[in-house]
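Just below sit the structures, each encoded as structure tokens.
Note that subunit A is present in both complexes that follow, paired respectively with subunit B and with subunit C.
On to the complex of A and B.
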């Protein structure tokens, strides 16, 4: 005898509306069904209606937390389309911004995870230190969260020499705090009891389902776009790819916290090696017919942009594949066999960002066939 | 003993990390992108700001024949301030823009 536990679209443990249908037998989860599409915003269509330069600010708003990752990926793809070389200084500044964002995103996630297991003290500590990174971002880019720093052919703002001592001081402080947090997370009994051996994703499953980002690195898969397909200035900087073997929630916490330490090292190197030179190159508004694919390592995993140009100042098509979309299949092997009490923390463990993910597919309820709706059809229906 | 207890005890004797915002205000850093303002004396009516704006937040005032920015649509990206050839548009440090009066949600 099995019961169905609906989880969402409106649920206190979910930060964004998405529907999960758990089939349970007693306490044990037997099956899981995911239904996406509650916050579809039609951004890919809107990207086709605006010019390349205006699209930067729309791409920035696909995800608020990883906005620098989205603009970097977008600008990189369009620069490939138009065959533009980015100045060296701009590449290094992009690297610094991306890594600052990774630190703040991982700290934010660690805070949310601590909150999901009911450890609110740790949650407050994580978010207190996240403020330090946000202050750095505000100093460099002029805003705490939405940086608006990237532009086609470079960056809009410089990292001035007088910022460097402040940044190094804050990074030192962060490094000390992060080491302490790793110590706490690996020794605290409460955390170990809730995270160890929970939501295990094996290496075979991670490879089979093509999982990306820290989720797959926690299962022992050695994948990192920063090293495998270097963008910005990552080919001139030495860093380690963090890997844990266990694949449970604790491994995901440790991977993310150790990545913060690695990001701090990358920022220090980038600040030291910051070359002199111009910040941006001129980009013509119209781009010849071409196609390009750009990918970067966002805080949550591989972020992929694909663009086609048609000779005008607007793109023909832009396709975005955010990391959470690739990570959704990992829910099934992580949940099945677990208990109901594990749901919030296991769901949070892939760092889901559903608003980036949502796509629309029309499925006929009688035949179960999916089909695509043309734009004319949509307009006709609206009249 | 849990390792976090020591920090918790230390924090009892520290002063609070949070700033009591509406009562205590923190000055935003140099280069902060707050509400944009237009200096009408400097404006030469080239309409470059209207072209640069990604959200179409800038329109032309019919009476004064000068541009005005509607904060309801503005995303404070600063493209207009960058595009302006005479530096008539500047980003201020003002970020408290909530208002009941729709006229105040416009830059002049």
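On to the complex of A and C.
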């Protein structure tokens, strides 16, 4: 006889609301059903109704953690749409910001994962070091989290020469700490017991289900948009694509920690090669009818933007496909056959970002009747 | 495959091909020819479907499949008239399309025939039937 274990929409192990229905037989999970949509904000439709410039700020708010990834992808798609060349200095600054974000996102994730397996000391270590990256982001952009640095045609804030020594010093410290964490995660008995051989995603499944990012690289699939479809300044920088073969939770931890070391190398190279010149070019508010597709390697994987323009200052359509949305199908092969106790850490292992996934339509429903919240209501205005 | 190689591979199955750059190309096809194109892509080693986009074009809905041909991205468009909004599923060949097709069904009202699990994905259970938020005619009631 099977039994249903509901997981969410509100659950201590979920950082954002989403509903998972696990069918279990004793301790073993035999099926899983996912229900998305609990944090829909209707962003794809909203993007159609705002100007290109206004949309930068909306795209930035799709996800709090990977806001630079979203604005970089958005801006480069619109730049392709309008045939604009971005100045070299801006391309390098975008690269630096993207990699700082990757480091902070991976450390944030590692902390959450440590917390999920009950290793709270390590959680605090990770988040202590994440503060160092947030301080660097604040120094460059003025904000710890939502950086508002990218704009159409370039960037708004410069990486000034006086920032460089501080950045290099902090990166050295982070490199030392990350190496120590890799040692800890590959040798600590608690971590090995909870992560090794758990939540395995095979290479065949990862390819078949079109999984992206560190989740697929931990299963031995050699893809990275930074190398395969270079954007910003990645074609002028050398770095390794990190791959692990095992596909279990431990492999996903190691891939992300080793990616931090690569990100540190990328930032050092970008700081060294940072060209002189202007930060941005001018962009006309209206864009002739055209279509363009831009994609980047966000911390969680391939982030895709597709835009169609119609000659006005508003886009005809913008499609956003964030990485967690692509990774949702990987839950089933990872969970089925496992036990209930594995649910929190396996769920955390794809680094899910539900705010990214749920953003497609205009939804707010009250019991029985569907109703849509107006923009004025959202902003708290009274008519 | 770069854009040129992809264009050579698909030219028998598509109407027109527009190569934008080495890594971007756009092509238009129709339902019948698209069915034959899918196995050809698979045989050529294309395994990754990045996503499916639906666009309301007034009296037609355009369905765009974004295939990652490493490094080129093939954007394959199929236009469906609003009188006959049906397309067959591609999940038998590209199983990763399962969520994108559900998204397409509820957001634009395109019926995907043969889908293994045609439930709602994002919209709430009490969302009215026939209201598709990304259609042009879907207006905000509060306006």
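Basically, the second predicted complex is superposed on the first by the 358 of 383 C-alpha atoms of A that agree within 3 Å, B and C clash if a C-alpha of one lies under 4 Å from a C-alpha of the other, contacts with A are read in each partner's own complex, and residues count from 1 in each chain.
In this section, a residue touches a chain if its C-beta (ideal position, glycine included) is under 8 Å from a C-beta of that chain, and two chains touch if they have at least 3 such contacts.
Just so you know, these numbers come straight off a predicted model, no measurement behind them.
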- Which superposed partner A:139 touches (first subunit B, second subunit C, both, neither): first
| request: Scan A:341 for contacts with subunit B and subunit C and give back first, second, both or neither. | output: neither
Winner on subunit A touched-residue count between subunit B and subunit C: chain C
**Asked** Is A:184 in contact with subunit B, with subunit C, with both, or with neither (first, second, both, neither)?
**Response** first
Using the superposition on chain A described above, determine whether A:164 touches subunit B (first), subunit C (second), both, or neither.
-> neither
Message = A:125 in the overlay: touching subunit B, subunit C, both, or neither? Say first, second, both or neither.
response = first
Looking at the overlay, what does A:58 touch: subunit B (first), subunit C (second), both, or neither?
first
Residue overlap on subunit A between the subunit B interface and the subunit C interface none
As the complex stands, subunit A meets subunit C at residues 36-37, 40, 42, 44-45, 207-211, 223, 228-229, 291-293, 295, 302, 304, 306, 308, 316-317, 319, 321, 325-326, 328-329, 358, 360-363, 365, 367-374, 377
Interface with subunit A, subunit B side, in the complex: residues 2-4, 7-8, 17, 28-29, 31-33, 52, 54-55, 75-79, 82, 91
The residues of subunit C that touch subunit A in their complex are 20, 23-24, 26, 47-51, 53, 55-56, 64, 66, 70-71, 73, 75, 94-99, 103, 107, 120-124, 126-128, 131, 133-134, 140-143
Given the complex, residues on subunit A that touch subunit B span 50, 53-58, 61, 121-122, 125, 128, 131, 138-139, 142-143, 146, 148, 156-157, 180, 183-184, 187-190
